[in-house]
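Labels A, B and C are assigned to the chains in the order they are written; within every chain, residues are numbered from 1.
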Amino acid sequence: MIRSISKFLTASSTQRGIIAVIIFLAFWEVCSRSNAWFGIPIPWIGKIPAPTSVVAAWIPLLDDAGYWSSWYLSAKRVFSGFIFAMLVGIPFGLILAVNRTAYGIMFPTFEVLRPIPPLAWVPASIIFWPTAEMSIAFVTFLGAFYTIVINVLGGAQSIDQRFFQAAKSMGSSQWDIFKRIVLPGTVPSIAVGAAVGMGITWEVVVAAEMISGGGSQSGGSGGGLGFFIWNSYLGGSYQQIVVGMISIGIAGYISSAIIRTIGEYFTPWTRR
Amino acid sequence: MKTRGQISIKDVVKIYDPDGAAVMAVDHCSLEIAAGEICMIVGPSGCGKTTLLNAIAGFHSINGGSIYMDGEMLCGPGKPKATPGSDRIVVFQNGALFPWKNVLDNVTFGPVMQGKLSAAEAKEKALSMMADAGLSGTENNFPGELSSGVRRRVEIVRALMNDPAVLLLDEPYRALDSLTKSVMHEALLDIYYKNKVTIFFITHDLQEALFLGNKVAIMTSRPCKPKKVLTVDIPYPRSYSVVTDNRFRELMEETSEAVHEEAKKSFAAGEREG
Amino acid sequence: MGTSSNVAFAVKENKLLSVLLAPRLYLMLIGFILFLGFWHFAVDVWKLPRFSQMPGLISVLKEWTNPDPIYGLSIYTAEYYTHIVASCIRVFLAFALATALGVPLGLFMGWSIKVREYVFPVFEMLRPIPILAWVPLAIIMFTGLETPVIFLAFLASFFVTTLNTMLGVESIDESYFRAAQCLGANDRQVFTNVVVPGAMPFIFTGLQISIGVCWFSLVAAEMVSGQYGLGYVINNSYTNVRYPTIIIGMVTLGFVGYSTSAMVRMVGNRLMQWRMREIAMSNN
């Protein structure tokens, strides 16, 4: 274990990566402080709060319950929207894949609705659903739903025809074929769709939190990291904006990693 | 008669992942190939024959021994990896015609890239070589539109356009059915008679080896070295009827025992195809 | 036997006829009718309580085709097209910039291990941050109303394009590089003759996803801060209680978004004739 860690740290690829990150942070710091130190304001990048000030603002937040509850609220929305999208999307995708009549009826409508960005549904969603929470959940659901269905369809359609032929020649029933060929054959695509869908879900949740918590709609749902960022902006604490951004980045990365690991667990045959 | 393309493989050793799994692919292998000879390398799956080819071509380094071509060292002590070049051109197992270029652009790629011929000159030479190989009319097709057999021939012509000393063929006909294969064999020999390049041909098909080659080297299972090397004394030009001749049958008898023995060892060891 | 097989043959040969007689067309229409029908019935006929505030299908259609619309936007008003054009110009600028920067960066990251080792870690650190989380920062950084919006759409598009391009280069079979080396190509020639064309299929798939993401981000940005554009229309119509216009905005968005994706796909198909023919061959 120690040997592989030290191998990782001394590898040239890791070292280059670390150097690049350090240069990036240093560049950022200098540009942000340039006006204060040298009297030379740097456009655009110069207006971003410096990394050191961001860290300074972050430390007190680690003790703040409100900060962690933002994490909790966003994560809750992401996972509930995501799970709901999986629960509806996977069966829906599978039905479209195996039944040609269902595909013929439902897929064109699905395809016509898909180009409408999930966020464009926010006002309609707010009008329709009784609570703000449910309207966010609906929009979140939509985001991941499209991706999952497309991936499930693609996965089912790419299953080699010969597997079906082999199964039929061995006397399998329709249900058997579904259970033993279509389902396992689609799992890798479901895994990919889930990973991508998770990323989209975070985008939508953050956006919805900002739009319904900030924007022009008030009296909205409380909290969440998106709301935290918007609120920090309105309150003028710019360092907290960056703290919020990085927090979401970390949260999103962890969620994707969890999904990917689960996906790999269910597809042992793709491991080399 | 060509005098280029003499290859000396001396005591070559190749170990994959020397600090880790240390898998020896080639074990002190020595082989002499005369200029203008067709040398067939026969062996079971995964025995290391492709590694040898890659070493000659310059895609893999070697851990010991040396390889010389026409008296000059390709790789050896102090230079573990040969430099790939158009004097030794590889024809790949699954074909490597650029799918995004049409046949003519593929075939003229070598000379044009190296600046040896102008586009017009290259086109002229390409068309004539393609005509010789029976490929006229395919210039504007893309490889994706052609059958595997045709694609292989195009790839060989692409190689020959560069006037190489050696052609390195890595089981090029493996994926073809036996009917197409026999046609391909005669086509290859046709090309050989006209160009007399040295041919280093890897195969697992003993009949293919004996039909095409004048030197046949039967390799052991991994790690590979020559188990048995013989000369096929059937004169060129050979037609396919040769396969039923007595002399051919004798050679098959001599060699099939050796090949089968190594194949069984390889199978027992669970080797994967290269 | 003779006449029916003749008819079948004639139907196949006549494309229009074969489309009209195929069940596919009717299933599709059934799907649309079910969807629109449900919407209409839920709002206007059965008057389901949940749908009480929703604009009905008829009112939306009436408004959309009204030469003098109640809420100011229909296919007859100039303002409608102003908004469409505003959004389209922004998407065009953002997408063009993202492609111009992302494709070369992706190509270099895929081709040179050194470049990848330096750039990829920083890239992967920034990528997980949702685009909308950049809104306040974008407003702080850039003055004016247009630039932040275009910046956000650009950013989303940029990440997707670069990543897909890089994956495209990595997907190229090793044999093609080796063949090029054997045939005497130098590095620059390998780049132009193998790397770029080889990565094209992935690049274009990436571009299709990229333009979708571009619209996604643009709409979001417009909803939060903007003065023209379809996202603004949707948001504004909500706050000013002009509900049918919301639907008009959504449908227009879907239609325009789809058209731009289709355009990208068509350009890709033109540039990759070789692939089209290959696919045609394998389908036969």
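Convention: a contact is a pair of C-beta atoms (placed from the backbone, for glycine too) under 8 Å apart; a residue touches a chain by one contact, two chains touch by 3 or more.
Not measured: the values here are computed from a predicted model.
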- request: Go through B-C and A-C and name the pair with more C-beta contacts between its chains.
  value: A-C
- prompt: Which chain has its C-alpha centroid at the greatest distance from the C-alpha centroid of subunit C?
  reply: B
- prompt: Taking each chain's centre as the mean position of its Cα atoms, how many Å separate subunit B from subunit C?
  reply: 48
- prompt: How far is the middle of subunit A from the middle of subunit C, if each middle is the mean of its Cα atoms, in Å?
  reply: 19
- request: Please give the residue numbers of subunit B that touch subunit C in the complex, ascending.
  value: 57-59, 84-86, 88-90, 92, 94, 96, 98-102, 109-110, 113-114, 142-145, 158-159, 162
- prompt: Where on subunit C does subunit A make contact in their complex?
  reply: 23-24, 27-28, 30-32, 34-35, 50-51, 53-54, 113-114, 117-122, 125-126, 128-137, 139-142, 212, 215-216, 219-220, 223-224, 230-231, 234-235, 237-239, 243, 246-247, 249-251, 253-255, 257-258, 261
Query: Once bound in the complex, which stretches of subunit A touch subunit C?
result: 12-13, 16-21, 24, 44-45, 47-48, 101, 103-109, 112-124, 126-128, 130, 199, 202-203, 206-207, 210-211, 214-217, 225-226, 229-230, 232-233, 238, 241-242, 244-246, 248-250, 252-253, 256
- prompt: Which subunit C residues qualify as touching subunit B in the complex?
  reply: 173, 175-176, 178-186, 189, 193-194, 197-198, 200, 272-275, 277-278, 281-282
